[in-house]
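Only one structure is covered here, and it is reproduced in the block below.
In this document, chain identifiers A, B, C, D, E and F correspond to the written order of the chains, with residue numbering beginning at 1 in each.
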Amino acid sequence: MPIITLEGPRITDLDRRRRLIRELTDAAVKAYGLPQEKIIVILHENSREQVGVGGELLADKD
Amino acid sequence: MPIITLEGPRITDLDRRRRLIRELTDAAVKAYGLPQEKIIVILHENSREQVGVGGELLADKD
Amino acid sequence: MPIITLEGPRITDLDRRRRLIRELTDAAVKAYGLPQEKIIVILHENSREQVGVGGELLADKD
Amino acid sequence: MPIITLEGPRITDLDRRRRLIRELTDAAVKAYGLPQEKIIVILHENSREQVGVGGELLADKD
Amino acid sequence: MPIITLEGPRITDLDRRRRLIRELTDAAVKAYGLPQEKIIVILHENSREQVGVGGELLADKD
Amino acid sequence: MPIITLEGPRITDLDRRRRLIRELTDAAVKAYGLPQEKIIVILHENSREQVGVGGELLADKD
């Protein structure tokens, strides 16, 4: 049942997305000693208008 | 204040969505003994490119 | 993979907890048409010092 | 590292969004005594078809 | 219904906690133009063994 | 700012925890092309009385 939720920017390349899911899953498999099919990954994608760092919208940085 | 957040695929049928919210709310009302208007439900909808199970994108599973 | 996360107060009675999990699961099974074993429920329990409603700590209310 | 996640309706006005992020950040800076650049804010925006209060879809209210 | 969830270290001082909840609530009231009693704040407290920044456990820093 | 939140059982061994955080961080660094110090990992630990799979408490599964 371990569930990995990632809040980050959008990843457009589908292969990059596949590899990310595989590597996050592998890390959890090793840590918990659970079979791979128990691990769930959810990618929450956020635009630069939805995130603030240091009090400033990402969209306003550089 | 109990808050139920559901991460799942998109539900297109509005009545199905209404019934889901009603049933999740009822379950919480019974468990907490709180009035119904205290219960909040949020449906987070995820595409098959945003979810991985067993290290594989849902979009890649048949 | 649907995942139901519930933020609420602590439920001490184990049977109440069991019934809550069963009913939340049933609601999701009906809404998504997925087999029951795909549904995960997580109960996050919060003390009255961890929650504010209307700008006030729950611990400070009545 | 404190992370503030806000689940709410969409805020269309960009300045309102900027001010919200600044004020949430300031509140966390004071509470934790950490430098401002450590604070992250994520705004999750939900439509009225995604939220239920009191067992009813927001979209069905008033 | 806006819900503010804060993931941060533990705040032991109860007054600091009260002020944080009040200020987060005020920021949301202004941004959404909703009455104060609609705003919910949840403080999730995490130990230094539960958080990693830059690949390193907080407990291992300084 | 990418934030990885993991909901899972408790990991008692500190080295296992360190390695998990390092590997999750590495996966995010590769996927986003961001410097390592931008990546935050939060481990939420749940007891077997807090999680249900398939409508059943983990604590009730042998």
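The rule is simple: a residue touches a chain if its C-beta (ideal position, glycine included) is under 8 Å from a C-beta of that chain, and two chains touch if they have at least 3 such contacts.
All values derive from a computational prediction rather than experimental measurement.
Note down the smallest number of touching-chain steps it takes to go from chain A to chain C.
Contact-graph shortest path, chain A to chain C, evaluates to 1.
Which chains are shared contacts of chain D and chain E?
Output, common partners of chain D and chain E: B, F.
Once the Cα atoms of chain B and chain E are superposed, what angle does the rotation have, between 0 and 180 degrees and to the nearest 5?
Going from chain B to chain E via C-alpha fit gives 180 degrees.
With residue numbering as the guide, point to the option in D-E, A-C or A-B that repeats B-D in over half of the contact pairs.
A-B
Comparing the two chain pairs, does D-F have more C-beta contacts than A-B, or is it the other way round?
Of the two interfaces, A-B and D-F, more C-beta pairs touch across A-B.
Compute the distance, rounded to whole Å, between the mean C-alpha positions of chain C and chain E.
Each chain reduced to its C-alpha mean, chain C and chain E end up 20 Å apart.
Could you put a whole-Å number on the gap between the CA centroids of chain B and chain C?
Whole-Å distance between the two chain centres: 12.
Which chain B residues reach two or more other chains?
Within chain B, the residues that touch at least two other chains are 1, 3, 5, 7, 17, 24, 26, 40, 42, 44, 51, 53.
Between which chains is there touch?
Between chains, contact exists in these pairs: A-B, A-C, A-D, A-F, B-C, B-D, B-E, C-E, C-F, D-E, D-F, E-F.
Write out the stretch or stretches of chain C touching chain E in their complex.
7, 44, 46, 49-57, 59-60
In their complex, what parts of chain E are in touch with chain B?
1, 3, 40, 42
Spell out the residues on chain D that touch chain E in their complex, using ranges where they run on.
1-9, 11, 16-17, 19-20, 23-24, 26-28, 30-32, 51, 53, 58
Name, in rising order, each residue of chain D that touches chain A in their complex.
5, 14, 17-18, 21-22, 24-26, 36-45
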